Each structure stands twice: as structure tokens, then as C-alpha cells.
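You will see two complexes here that share chain A, one where it goes with chain B and one where it goes with chain C.
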Partner chain A sequence: MAKVELKNLTKKYGEVIAVQNMNLTISDNEFLVLVGPSGCGKSTTLRMIAGLEEISGGEIFIRDQLVNEKDPKDRNVSMVFQNYALYPHMTVEENLGFSLKIAKVEKEEIEKRVRDAVQILGLEELRKRKPSQLSGGQRQRVAMGRAIVRRPDAFLFDEPLSNLDAKLRTQMRTEIKKLHQKLKTTIIYVTHDQVEAMTLADRIIIMKDGYIEQIGSPIEVFTKPANIFVATFIGSPPMNIIEGDVIRKENKLIIKIDDEINLECPQKIQSSLENKNKIYLGIRAEDIMPKETSDYTNSNWCFQKSINLAEPLGTETQLFFTIKNKEIISRMYNPKDVKVGDKINFQIDSNKVHFFDAETEKTIF
Partner chain B sequence: MGRNILRSPIMLLLPSILAIGFVIIIPLIFSFYTSFTSYKLTRPDSLFNFVGFRNYERLIDNTKFWYAFGRTILFLAVVLNLELLFGLGIALLINKITWGQRTLRTIMMFPMMFSPILVGFQWKYIFNDNIGLLNNFLYLFGYESAIPWLIDKYLAMGSIMVAEIWANTSIFAILLLAGLLGIPRDPIEAARVDGCNSWQVFKNITLPFLMPFVFIALTIRSLDVGRAYDIVHIMTGGGPAMRTELLWTMIARIGYKDANMGFANAMSYVSIILSIAFTYYFFTKLVAARRELGQQ
Partner chain C sequence: MKHIKKISFWFLVLFLLILICLPGIWIFVSAFRPNPEILSKPANWIPDRWTIHQFTQMFSINGYVSVPAFKYLMNSIIISSVSTVIAITIGMMGGYAFARFNFRGKNKIFLGLMLARAVPGISLSLPLFILFAKLGIINTSFGVILVYVAMNVPFTIWLTDGFFRQIPKEMSEVARTDGCTRLQAFWNVELPLAGPGIGAAAIFAFLLSWNEYALASIITRTVHSKTLPIGMMDYLDEFTINWAGMCAIAVVMIVPALILTFIVQKHLVSGLTFGGVKG
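Then we have the complex of A and B:
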């Protein structure tokens, strides 16, 4: 188990920059998740750590040793691939024991470690089978087992659950989490699925176009997104982003959304908005609440809109309406029948609104 | 009504039945029949001179035939193995390069574009003991005595093998390259992370993936090499003193030169056993290799 450190890590494919000046320290036993849309450089980063991709610039340290020039085989990390990458001509047992056989570990030791892994992952019945005779979930488990038996310094997971169906994915997610608690290893996990990132991670890194957008605990990145990208990427449904003009009126700052909605700027952020004309408001669906009140004046952040679409999900109903031609989602937690075209009163929880700079798209407050 | 239903399927099948009959079945039956006669091309009436198993009995006692039989097996074994080895090497090298792969693939196939007869002529002149390129080249390095490449009883066979390998190694290379290109990247990367060096990756991952292609190539080439005739005929004509006589050069000589078709056909039917044996063996291996990979 060991610390992994990236210093100014850069990867270029010709002129195209895949990863730019990445600095990161992954501490012992940490579960770190790299998340981002496809092409953001997260897999490339992982593959550079594994040694499968050459580094264009910067340094990688594993257990305080510079590994830039080392072959994958000498880095003592193990990797779980998206397509499982099992050896099709070997049985489950042989797949699990392969790395130890290559490392010339004694036979009894191999048997013991394979037995342990088989037990941890519940593969007892399948030991003699070939990968082609296994289901997706079982193959995934074998791939994880193969990583476990090596007792590596760090586990690298490259979108390991993307090929599984929704139900199995949730189940395997739990298993990976349990596995981490049991094995206490450094894990670097790449995914494009923000739910996986939120549920698994000790720390999340959100990447875009080769840059790190934000690093933080799941709760941090959810409650304090650094910019609009992170705000809309983390959380489901994505955060509503509404454009607003800042208007000065009788010593007060008003945020004008559209002709009907003018919101009074909360005291605590007035100073930061003073010299701005335009901002973006980020409001999560659960912070735009339908209100059964006749008072829909703008003073306490209430307004009225007619509904375009209602999606009942059981515990909640998601209401869709538009502000300035942009679709806005609201969550209604005590579902009642809503018809398209119904006029509904909403209240925005002004304490939970995120304010973003209109130019930099960074969080203002 | 009832007659129409009966007739139309037969009518529809008739063209295929006729085609297969004329192309395969009738020649097969005819040649098989002649192997039981003393049929000589120069005496058509001998076609009806039924001699039973005489031809086959003569053949079993014919040491020259069995020498040719053994020589063909040796020829197959050496040529197939070396072509496989060189072809695999070339395929692995070409698979490595990222730039100019297509051009190299095309260049590699040049030998396949020549008729085997021409390849035979070319190598005949390269190996010629007087005016040949090879001896003249060696002369430059001080080998003053001309080496009788196509005349020496051992060297002649080797020379033919060289020509055959030169002409056809690229078939192996192409087929194996196709196999290499089809290997998924993931298991290879997984093996590298699992601690394998290049040789271990090749031995444990690449080769098992490649085996079906190896056996397909071997099957095709064993049939091809097994019927070798043209290259031998041009380069040595089976000589010196029949030391390079293979099955088909011998059969052709007896069938057409000696006009002894009945006997030649008997030989052909015995020779076919060899091809069937090789094909069967390689196909069994192919199925096993695919099952190993879980593809069947």
C-alpha cells in the first residue's frame, strides 16, 4: 500500500493535449475517483500511472520512487480494465494466479492467495471455468480478483462497471466499496459516472479537457462546486443554471431573471455582486420547491410558472418548466397529480443558490 | 398438381446436380476406375482392360514411389515449419511499426505475384553452378570452386526448398498479421501490468490468440506445398537421379511421359491420403486452439 504522486504530469498526442500539468498526491489507502466527460484525460492519466502510456512531461512517484522510466511490470500496481481483459484461454484460477506464476511465487503460496481471492469474491463455483462461460458480473469479479492476488501498491480501475447493466452496476459498486474497506489499499478509480464517483470516493477529482476542475470530498464538490462545469456535472438531475442581470434599484441589488422574476439579492453576497452586471445562478432541482401558497411575489424568491412536463418517479416528481427558453427542473417531494399546463408556485431556497461569474464561470460565493 | 410438386424441386436442383456431376463426380469415378485398369494414354482401348488391384500391388512394392512419398513428407515438414517461422517473424515485425505499414505489406507480397514457373526459372539461374548469381557472389569472397547447387543430391533438395520458402513465406506473414491485428489490446496490457516482459506476453497471450491463424495457414499451405510440381519440374526436373522427385512430379512423369495413366491414378489415390492426413491433423488442432480461447 503506498502513496502515489503526480508532478506536472503532461500528455500530448502531437499538438493535442490530453493531460496538462497535473499535480496530485494520492495518500495511502485513499479511494480517489477521477471523473469527467469522455476525452477529459482521466483514462490517459490512469494509463500513465500504470505505465501503459508514455509520459510527455512531468513525474510519477509510487511509494516515493520515480517510475517514469519503469515498465508496467516493475511498478507493482494492478489494473482492472473496462472490458475485463481476462485471458480467454485460462480458467478463472489460472487467470487469478497468472501474475504470481510470472513472478515465480511458490506454488503453495499461489494456491493460498488464489483461494483467498476466490473466497473474498464468491467465485468458488466458477474456479475451473473459462471466461467465455462467465456472465459480465462474474468476469468483472475475476478481473478484480486478478488485481487482488498481487497485493499491489495501488489498484487502478478503468471504468470497471460501464459494461454492466444498471442493477449489477449498483451491486458491484457496493462490493468495490466493501473491498476497499477490507483491503485498505490505495485505489485510483476512473469513471464518467458521477454517481459512482460520489458513492465510492474519499476524494473526487473532476477533470475536463486535460485540466483538473476541482478536487474535493464528494460532499464538498456537491455543495461547493468551483465552477459551472462541476456544478452541472455532479448531481442528478444536473444543477439548473439561470442567467440573471444585476440591477441597482434604491440602494438595493436586484437580480432580474426575466420580466416576471426579479429577485432581491441576499445581504451576504451583495458586496461581491456590486461591480457586476450579469451573473449565473445555479440552483439544484431540490432547491426550487413547489409551494402551496398564494403569495408568489418575488420578495421571498417565489414565482409562478406553468409546467411543460411532469415525470413521476415515486418518491418524487420532477417538474419541468422554462425560464428564458431554458429548461428548468424542480423536485416535488410530496407528489400529487400535476398536469401539463398547470400553473405552479415555486420558491427558491435563497441560502442554497450558487452564484457564478458570467465571464469566468467560477463560483463567486 | 401432385406431379408438379414432385417435379419442380428436381428441376430446381438439376443445374447444381449436373454441374457437380460433370466437375467432380464423373472425373472422380472415372479416375478411380482407371486406377483398376492398365489404361495407357497412347492406347485408348486399354481403358477397358480391367486388372483389379494390380496397379496397387505394384505400387506397394515400388520403392521409388515410397521414397517420393517420404521425400514429400520431408519437403512439407521443412518448408511448412520454416515458412511459419519466417512468416511469424515478419508479421511480428510489421505489426510493430506504425509508419509505412501498408507499403511494407504490399512489398512483402511481391513474391506471391509471380507464377511458380517463373520463380522456378529465376532460382534455377540463381543456383546455376556456372553462371548463377550465388556462385558468382561467393566467388567474390574467395570460394573459387563452384558449388553444384542443383546437381548435388542433398543441395538440390535444399535449393528447391529455398525457392519455395522465398515465394510463399509471405502467405504465412499475411495470414498471421491478420491474426495479430485482430488480437484485443486489453489482455496484452493486462499481462504487461501483471508483470510480463515482452517474451512472456508473446508466449502467454499473443501466441494462444494466434494459434487458430497458425493452423488455418498450415492447412492451406500443406495442401499447396503437398501438390508441389511446377517449381521442382523447372528447377531440377526431379533430378539428379530422382533425388528431388516428389509425389506429383513422379505421378506426372508416369502418367504423361510414360503414358501409364492407370498406374499414375493409383498413385494419386494413395497420395491423397497424405493431404487428407495433414488437413485432418491441422483442422483438429485448429478446433482445439479455438476451444482453448473459448471461441467454440
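Then we have the complex of A and C:
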């Protein structure tokens, strides 16, 4: 249970920068998720905290102690790996007790802590089994148990659910969340799955090419993405990004999407767009709603398009159409039959549209 | 038709088996019969009289020793065991280093080691002889051990490197976050997992030393350092050859080698790491 602090943390492999000047404070008991596409430096960051990767620059503090020069064994953090990395030659019990045995903890104490961990994770029946006799989910549980018995200052999870099938992943996700609530420990969790990040995290860090793109609560990064990258990375399906020209017409600002769609700029954003000619609009699929009106005159942000593809998912149907050769997705709740080629009227919720600068790709408003 | 095909196939297999095993069988049979019978023409396939005379004489149970086979056997055991222990210890560490660490010139050094294996040992015999003579270690067990260690280290490095590579590196990483030093992680986790592989490499190294003839024939001179393969030549006299004695000493050589080969065979089938990682 401890605070973890990273100051100007940098990792370079030759000329390649894996992590650049990362500054971050992870507070006590926080569940922090590092998320990003592969190669963004999230796993490297985690491995540097664990001490498995040498750092090229900066400082790491765990429990206010500088640990740069400390071996992994002296950092008192536990790591759970994607491939579980259970010791194949030991039983579940031995796997769980191994770290305590190495630390020369008394036998009764080891037994007690292993018993506790086994209970917490529901592994009672499997105590005497070897890892090869366990299913994927059970192995994952043992790997977590091994981390728990040490009572570390922080847990480090490196994509722990990636090897599980979809159903088990959802189940284990809930278990990890419950475990955090039970143990009240600092957890740093790495994943490339934004759903995992959203559901688990107290705070999400979105990384790209070794840099932090945004830090915030799940709701924050979803509703107020800092830039196009975050906007398209968080949320499923990804946010629609549409290019638009800013045109001045009779004292009004018009956003011209294509020949058919010209949208009147909302009042609140007009001042921000005044000296721009081009912007990107970010609209989530649920904010482009099919409307049963005959109004497709662009007033109230309505327009009409013909459908290329409809994917019924039960509670909703995702409608695909194109604007300027870019595929746009709309979510239709209260599904009804839609055929390819059908002309459908849509309305964009202009209050929920995100505006991004065309050059910096950062949020304007 | 199908049956004929099957039967003729098995006959072919039997024929080939006999062809391969015949020299071995002949050695075993000849070791247990009197010398004149070996030379009889036509060949006498099944001995008229079985005897362990050659063995009793070889191990001097009757007090008379023509060939000090027991001493040779001890030399062989000591030289092969010591050289194997040293070679596998160095080889294991080398193999681990090649499998786990990145260092400058890694591939070149590895290639160099493999090239060293490609040099025919016998071509080194003369330089070795001169060098050892000057160092004063000719005709000593130490000298032979030195040669066998040099011969076996590249081989054991190559084998153990492969075995360590099969163990996911997360194994040692998780052990290190579990509170192990690098050495403890190696000792408690990676070594037990690579154990069967290392054992197999050790047995291979032992067999190479046990059977080696060419270099030993140059650097061993007397009973102090001669190994069994070299000792076998003691049965060659100026005018006679004691075939039965030779066969007997060959049996003494073959039996341990055969047993060890069976052990290797069993250990090479190792699925031990399965289950530790995803599956």
C-alpha cells in the first residue's frame, strides 16, 4: 500500500525512444490503468517500475524511496504476467508460497498466508495441482494469488487477461475489481484493451509513442478527449472523425462537410473557430441518430445518407455510411429492419460534437 | 497382396536390424568364448563353450594381469566424469548467458564456438602433443581432462543454450519480483526446468569423452593416463592379437555407454515447461 512516483522517466533503446520524460504520481490504493496501442511504452514503464528494465533517465520512487538502483526483489512489488509464468515444477501451493520461502518466512506463517490467498481466490480444490493441470482462468488466479501472498506495496499487472477467452476475460475483470476493493492496494495495470481500462480504472493514462496523451478518470477521457488519438482510442466503436471547412457566410460560420452537408456553427464555439479554415469534428456513433423526420435540410444538424451496411447487435443496430469516402458509424437504438441502400435521415447532437484543430489535432472546445 | 507387402516390409526391417546389430552381437559373443574359437573357419556363430576367462584375467582375480584393464577403467571413469562435470558447469553458464543476455559480439562468439567444433580433433593432435610435452602434462589425466573439457564446452553451450531458450524469460522475471536474486531465480526456477536438458547434455559430453580415441592415443602413453579405448590396443602384440580380450574390454566400454544412451533417450523427451505459460 504505497505511493508510486515517476519523475522524468525515460527509456531509450539505442536511438529509439520507448518512454519519454514521464511524470506521474500514483497515489495510495489507486487503480491506475496504462492503455495504448502496442509499442507505446506502457509495458516498458511497468517493467521499469518492477526493476526488470534498466532506466535511461529519471527517477522512480516507491513509498517515497528512490528505487532506481534497487533490484526487483528489494522493491516489494508483485507482477502478474500475460502468460502467467507459473512455476511448472511446483504445485499451486508451492507456487503461492515460493516468495515467502525465499524470504525465509516461518512455515506456519507461510501456510496461513497461502490459506488466505487460496480462500480469497477460490482455489481450495486445486492446492495440490501442478500448473499444467489447470485451465487458463485458474492459472490466472494462481498468478494473482502468488502476487497477493507477498503483501506487496503495489501490484503490477501486465496485460493479465489477454490470453483468456472473451467470456472468462469479463469474469476475471470483475474479480480483479473486487480484489482491489478487498485488498485496497495500489495497482498499476497495463492493457491495450480500452474496455478493460474503462471498467477497471480509477484513473486512465493513454499513451502513444512513449508519451502520455491524456490522464483522467474513465468518464473524463471519454467525454473530454484531449486530442483525436484519445478520442478514437477510447470508446467502441471508435469516434467518427469528419473533416470540415469553415466558411463565413452572411455573418455566420458554416461548417461545410461535403456538398450536401453544411452545418451551422453552434454559438458557443464560434469565437474559437473564427480564424480557422479547417477543423475536424469528432462525433460518437450514438450522437449520430437516425431520425424519423422528413427534415434533411441541414438545419438542426440533420442530413440524409444512404446506408452501406447494417450490423444488428440486438439492443442496437450499427449503421455504416460514407462521408467524403470515410466510413461513418451511427448507432440506431430501437432497431428496425434496414436494407443496404436505404436512405436514412440522421441528426447530429450538436451539443456533443467534439472539435479538433486541423493542425495540432488537439481539442478546441 | 497387402499381407505380402507387410511381411516383406518387416523382413526388410529385420534384415537391416541384424545388419546393424551384428558387429555388436559378435563382440558380445566373442567376449565370452576362447580365443581359438573366434578364428575358426567357417565361423562358429554360437560358442561351443562359454567362458568369463577374459574378464577374470582382465580384472586380475587370478593374480595375473596381462592388461591392467581395471586401471584403464578407473582412468576412463575419472577422466570422463571430471571433464563432464567441468564442461557442463561451464557450458551451462555459457548457455545461460547466450540464451538470456545481450552483449557485444554475442553472435560472433557463438559462431566461433561452433566453428571450433567443426575442426577435426585429430588435426590438433601434433600441436597438442608438442604443447603438452613442453608443459609437462603429457601422459597425465589432467592433460586428457583439459582436452576433453575444451572439446565438450562448445557442445554443451550449444545444447544448454537451446534448453534455456525454451524456458520463457518471464519465469526468471517473476521469480525476481518474487524476491529472488538473479542467482536464486536461476537455481530455484530455471535450473530445475532445464534440468532434463542439462542432464542430457552432460550424458552426451560423458559419452564423447568415454569413446574418444584419436586424441587420447596421442597424449596418453602409459597406464597412468590410458583410457579404455587406448587400453584395448594392449591386446595387440607383435605377432598375435587377443581378439577375445579385446572384445571383453569392448563390452566393458559398451555397457555403461548403452545404459547412458537409454537414459538420454528418456530425458530428451521433456515436456516439463508445458503448463507454466499459456496453453
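FYI, the second predicted complex is superposed on the first by the 365 of 365 C-alpha atoms of A that agree within 3 Å, B and C clash if a C-alpha of one lies under 4 Å from a C-alpha of the other, contacts with A are read in each partner's own complex, and residues count from 1 in each chain.
The criterion applied here is as follows: a residue touches a chain if its C-beta (ideal position, glycine included) is under 8 Å from a C-beta of that chain, and two chains touch if they have at least 3 such contacts.
On a predicted model such as this, the values are computed, not experimentally measured, just so you know.
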Fit or clash between chain C and chain B when superposed on chain A: clash
Which of chain B and chain C A:45 touches, first, second, both or neither: neither
Touching partner for A:20 - first (chain B), second (chain C), both, neither: neither
First, second, both or neither for A:191, with chain B first and chain C second: neither
Partner chain(s) touched by A:214 [first = chain B, second = chain C, both, neither]: neither
Partner chain in contact with A:136 - chain B first, chain C second, else both or neither: second
First, second, both or neither for A:163, with chain B first and chain C second: second
Touching partner for A:102 - first (chain B), second (chain C), both, neither: both
Touching both chain C and chain B, counted on chain A across the two superposed complexes: 50-52, 71-73, 75, 77-79, 81, 83-89, 98-99, 102-103, 130-133, 146, 150, 156
Complex contacts: residues of chain C adjacent to chain A: 168, 170-171, 173-181, 184, 188-189, 192-193, 272-279
Chain A partner contacts - residues on chain B that touch it in the complex: 184, 186-187, 189-197, 200, 204-205, 208-209, 292-295
Touch list for chain A against partner chain B, complex: 50-52, 71-73, 75, 77-79, 81, 83-89, 98-99, 102-103, 130-133, 146, 150, 156
Chain A residues touching chain C - in the complex, by the definition given at the top: 50-52, 71-73, 75, 77-79, 81-89, 98-99, 102-103, 130-134, 136, 139, 146, 150, 156, 163
